[in-house]
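Here chain A shows up in two complexes: once beside chain B, once beside chain C.
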Partner chain A sequence: MAIIDSLKKISDTVWELPATYKEGMRVPARIIATEKLVREMDETVYQQISNVATLPGITRYALCMPDGHSGYGFPIGGVAAMDVGEGGVISPGGIGFDINCGMRLLTTNLTLDDVKPHLKEIVDLLFQRVPAGVGSHGFLKLSHSDFRDLVEQGARWCIEHDYGWNEDLELTEENGCIPGADASKISERAIERGYNQVGTLGSGNHYLEVQVARPEDVRDKDLAAKFGITIPNQIVVMFHCGSRGFGHQVATDYLQTFLKVMEPKYGIKILDRELACAPLDSPEGRDYFAAMKCGLNMSFANRQVILHRIREVFSEVFGRSAEDLGMRMVYDVAHNTAKLEKHSVDGKEKTLLVHRKGATRAFGPGHDEVAARYRDIGQPVIIGGSMETGSYLLVGTASGADTFFSTAHGSGRTMSRTKARKQWHGKQLQHDLEARGIYVRSTSWAGLAEEAGPAYKDIDEVIAATELAGISKPVARFTPIGNVKG
Partner chain B sequence: MPYQYLEDIGTADIAFEATGRNLPELFSEAADATMNVMIDNLGAIEPHDTRQIELSNDKIDMLLFDFLQDLIYFKDAERLLLRVRDAQIDKKEGKYFLKAEAAGETLDAARHHQRADVKAVTLHNFSVEKENGGWKATVLLDI
Partner chain C sequence: MTPRTPITLVTGPLGTGKTTLLRHILRTRPAKIAIVMNEFGEIAIDTKVIEGKNVRIAELGGGCVCCSLVGEFEAAVNEIIEKVAPEMIIVETTGLAEPEALVFNIQEALPQCRLDGVVSVIDADMLVRFPELGHTTRLQIEGADILLLNKIDLVQATQIEPLETKLREINPTAAIVRTERCQIDPELLFGIGREKEVARPQHRHQLDFESFTFSSDKAFSRDCFSRFANGLPASVVRAKGFIRLTDGAQLFNFVAGRWELEPFESDRTELVFIGKKIAAKKERILHALDECVAEK
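Coming up: the complex of A and B.
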């Protein structure tokens, strides 16, 4: 029997694999998606999300967002909230190697007409100033000791060193610095992999994009205005990157630590070694949590330094200051995290460790963790589409409690990189995109081909699913005009 | 074929299967498969620098995991692209010991055609097993 036949339709956007589906499941697994998206999901998603449902302490459901696709351990788009008081675990496979891979969005007061004549110059300069590609190093020359400070202080370190504005911090999840990061829990190897990578984009699906908000794509004018989208055909800049080699090594180190202690010391059995874990309330669990927070902070700092470089580039091209160009942050959201949050479960408030792997936190209006200036409207959610199709700004909703206030993070792949690479050629793709008004620079032709639009799900369908499910509400859609591809 | 990429595993990542008549050959092929994800033209990597890699592990699959992780480490820490020149794997008292020499050079964007950066070796369906008198490894790399 195909797995899809085991799915129970709970509503138009909620599909459940019951806890009886697989031995060891502690809770049901739920896929949040339209029927079309559910049918398109690869079978591995169902295997992986039902494996997640076996983890100790998992509360209510193992969840998969509408952009879900197969990953390692968790599917990409997986969300699991662990009850720390009930032996809830922390798992690097539920966060991802790229800790705090995330999105940042900033506005300008420029319009498409202002930018069009300078587009190539802007994208070429961004390509130079924000290094991308295999193992790229950034312009910051830090000692190991400076880097240890940076991973404990996050974006705050950057502001203190003049790489940004004070208000940038308010507009970053956790104010750009999650408390409890402890660099003594980090290996020397992680430091060596990351200390010269601050301010770099990486590769794969990481990118930096110049986009336009066309008037017909602004879905909610009032909300858009509150986020700073006020001018017809306004130019915004969006980028996606993470904690680079540093975060990857932190996850690798603790994956191995957990594999050694998980079964002999804590009696935890798992169905996929990538789900290696330990109770959060254990020496190993606490150490990883403190180390993982360094990864979170490295990523906030990385995006902060990139933001600084973007402001420099625009300022240079237009001969005006970044302040004068209105280059203000809308928000910075994290995709790959585990955070302690308070949620109501069966009418009781509980402290849960919410793993989001390729999923965005989306707190609704009034939540005290939403930046003060957005508290009455909800947390901004930034969802990147493929480089060909477009991206979205959304807002969290009060009705998102069933997903622990989580929503999608991207459009989600439908085709493997290896397959995509056989179908498209990077150089031709660049040429075709340019003909469509999207100027792309990349360090890799093959990498560009792997990111071709048709390798992804339909972003509009994913966004519609999040809206229909009541887990986020679209505010504006942005169309790409320039792209730096990692 | 010493290694091939698998189309239907890991949509966001890259999976490969490597084979070898013996363990050193398997490890060398898996190393090339990993490097080839990052660099299209492996032949352009000149053997200017060498690194000695010595590892031990109770389990053969985790020895390969550690070995591939080492190559990823050198790529980030030193921007060094490495290929295996010589490898020796011995089993003593139930433990595997690896001694390898890897040779390569610093990434030069003008000569080395980049593909996608490898973030990590994942343990999802990761395996090293004997097959047809030789060895086979299945690996999913996080991209």
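Coming up: the complex of A and C.
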């Protein structure tokens, strides 16, 4: 029987694999998506999400967001909340190696007409100032000891060193610095890989885009205005990146640790080795949590330094200060994390470790952890699409409790990177995009081909699914005009 | 003319023995090898490091180097070839990496290199203990030419056959080689690069592997030889050497069904065939090859 036949339709956007589907499942697995998206998902996603449902401490459901696709251990788009009091585990495969890969969005008070004549200059300069590519390193010259401070202090370190404005911190998830990060839990190798990478985009699907908010794409004018989108054809800048080689090494180090202790020491049996984990309440689990938080902070700092560079570039091109150009942050969200949060489960408040891997936190109005400025309207959610199809700004909703207030993070691949490379040619793609008014710079042509629009799910369909499911609400859609591809 | 630089990709999940394999290769393969990895890690410690534009290079002795990426992969490989001119390059991926994009890079973006083989190290004990294969592990198995079923000393003898079946279901064409501590004959692992002679393997570690050679002064027909290479039985894992075709001598490299020719200077044909219990097939194979002689 095909797996899809085992899926029970709960509603138009909720599909369930019951806990009886596979031996060892502690809770049902749920996929949040429209029927079309569910049918398009590869079967590995179902296998993976049902494996996640076997992990100790998992609460209510193992969840997969509408943009889900298969990944290391967890699907990308996977959400799992672990009850720490019930032996709940922490799993690097549920966070992703690019710890705190995330999105940052800032506005300008410029319009498309203002920017168009300078677009190439801006993108070329951004390409130069915000290094991209696998091993690229940034302009910050940090010693290992500076870097240790930075990973404990996150974006706060950057503000103290004049790379940004105070208000940037308020507009970053966790105020840009998650408490409890402990650099003594980080290997020398991880430090070595990361210390010169602050302020760099990296490779793969990471990018920096100059985008325009066309009037017809602003879905909710009032909310958009509260987020700073007020002018027709306003220019915004969005970028997507994470903790580079540093986060990758932290994940690798602790996966190896967990593989050694998981079964002999904690008696945890898992179906797929890629789900290696340890109880959060164990020496190994706590160490990883403290190290992973360094990854979170490294990434907040990375995006903070990149923001600083973007402000410099615009300021240079337009001969005006960044303040004068209205280059204010809308928000910064992480989409590869595990964080302790309070959630109500069966009427009782519980502290849960919520893994979100390729999933965005989306707290609704009134939640304590939403930046004061947005508390009455809900947390901004930034979802990047492919460079051809556009990206979205959304807002968290009060009705998102069933997904532990989590929503999608991107459009999700529909095709492997190799297949995309075979189908498109980077240079030609750049040419085609330019003909359509999108100027692209990339360090790798083959890498550019991987990111061709049709290699991704339809972003509009993903966004519609999140709205229909009541887990986030679209505010505005942005169309790219300039792109620096990692 | 200098043949392209062969690149071998070593992949496999975390902790299966990739570093052990690299050490084994450095010990047993007398060649100028450049190893490319994300980090020097355990291979190069306390050695002189040269900072390049796209790579950091550490000397390992015996002309071998270990390189870590600073820039893009393609640029790094070009820089290594320019600076070190290695006889072969081995790229070790991290246990978390999906090898397919790298394979594509080597084949499409590095015309001066030849993908010699993709070797995946799989831990037999891991296969026994974890019934479901991870997504990344599966991709690492799917992409391989040679699968090292390693750590067979940690599982019961009766468990090995079902494990091979499991691997074969995912990748029907790859050669599966059982190993302990990654001990594999380098002649089986690698094709022929710029050596002037075709070496025969020792079969010290894999007793069920056999080999035989073929040599000739005659010229062979290209079309017939292509048909011959395509028709080699699945038990032949490696075949390599020089072949004198009517339109010029070629370097021949065959691994698990995939093969390539490239121009090479040689006035003779010298080939070696390596595979699982292939002695019995020797006569049939050599007869088919004889049929390809252009002028009798």
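Side notes on the structure shown:
Note that in this section the second predicted complex is superposed on the first by the 486 of 486 C-alpha atoms of A that agree within 3 Å, B and C clash if a C-alpha of one lies under 4 Å from a C-alpha of the other, contacts with A are read in each partner's own complex, and residues count from 1 in each chain.
FYI, a contact is a pair of C-beta atoms (placed from the backbone, for glycine too) under 8 Å apart; a residue touches a chain by one contact, two chains touch by 3 or more.
Note that this is a predicted model, so its numbers are computed, not measured.
Judged by the touch definition given at the top, the superposed model places A:F239 against neither chain B nor chain C. With both structures placed on the common chain, the touch criterion links A:G194 to chain B but leaves chain C unconnected.
Of the two partner chains placed by the overlay, only chain B lies in contact with A:G202; chain C stays clear of it. In the superposition on chain A, A:R413 contacts chain B only, with no contact to chain C.
Within the superposed three-chain model, A:Q47 lies in touch with chain C and out of touch with chain B [touch as defined at top].
In the superposition on chain A, contact of A:F314 is made with neither chain B nor chain C. Judged by the touch definition given at the top, the superposed model places A:W165 against neither chain B nor chain C.
By the document's definition of touching, of the two partners only chain B reaches A:D98; chain C does not. By the document's definition of touching, neither partner reaches A:F289: not chain B, not chain C. Under the contact criterion defined above, the residues of chain A that touch both chain B in one complex and chain C in the other are 44, 70-73, 97, 133-137, 189, 192-193, 203, 245, 248-249, 251-252, 255, 259, 272-274, 416-418, 443-444, 446, 450.
Residues 42, 44, 69-73, 76, 93, 96-98, 133-137, 189, 192-194, 197, 202-205, 244-245, 248-249, 251-252, 255, 259, 272-274, 276, 413-419, 443-447, 450, 486 of chain A are the ones touching chain B in the complex. Residue ranges of chain B in contact with chain A, taken from their complex: 5-15, 38-40, 69, 72-73, 75-77, 79, 107, 109, 113-117, 119-126, 140, 142-143.
Interface residues of chain C facing chain A in the complex, by the touch rule stated above, are 13-15, 38-39, 41, 54, 68-74, 76, 94-96, 98, 100-101, 103-105, 108-109, 126, 129-137. Residues 44, 47-48, 51, 70-73, 97, 133-137, 189, 192-193, 203, 245, 248-249, 251-252, 255-256, 259, 263, 270-275, 416-418, 421-422, 443-444, 446, 450 of chain A touch chain C in their complex.
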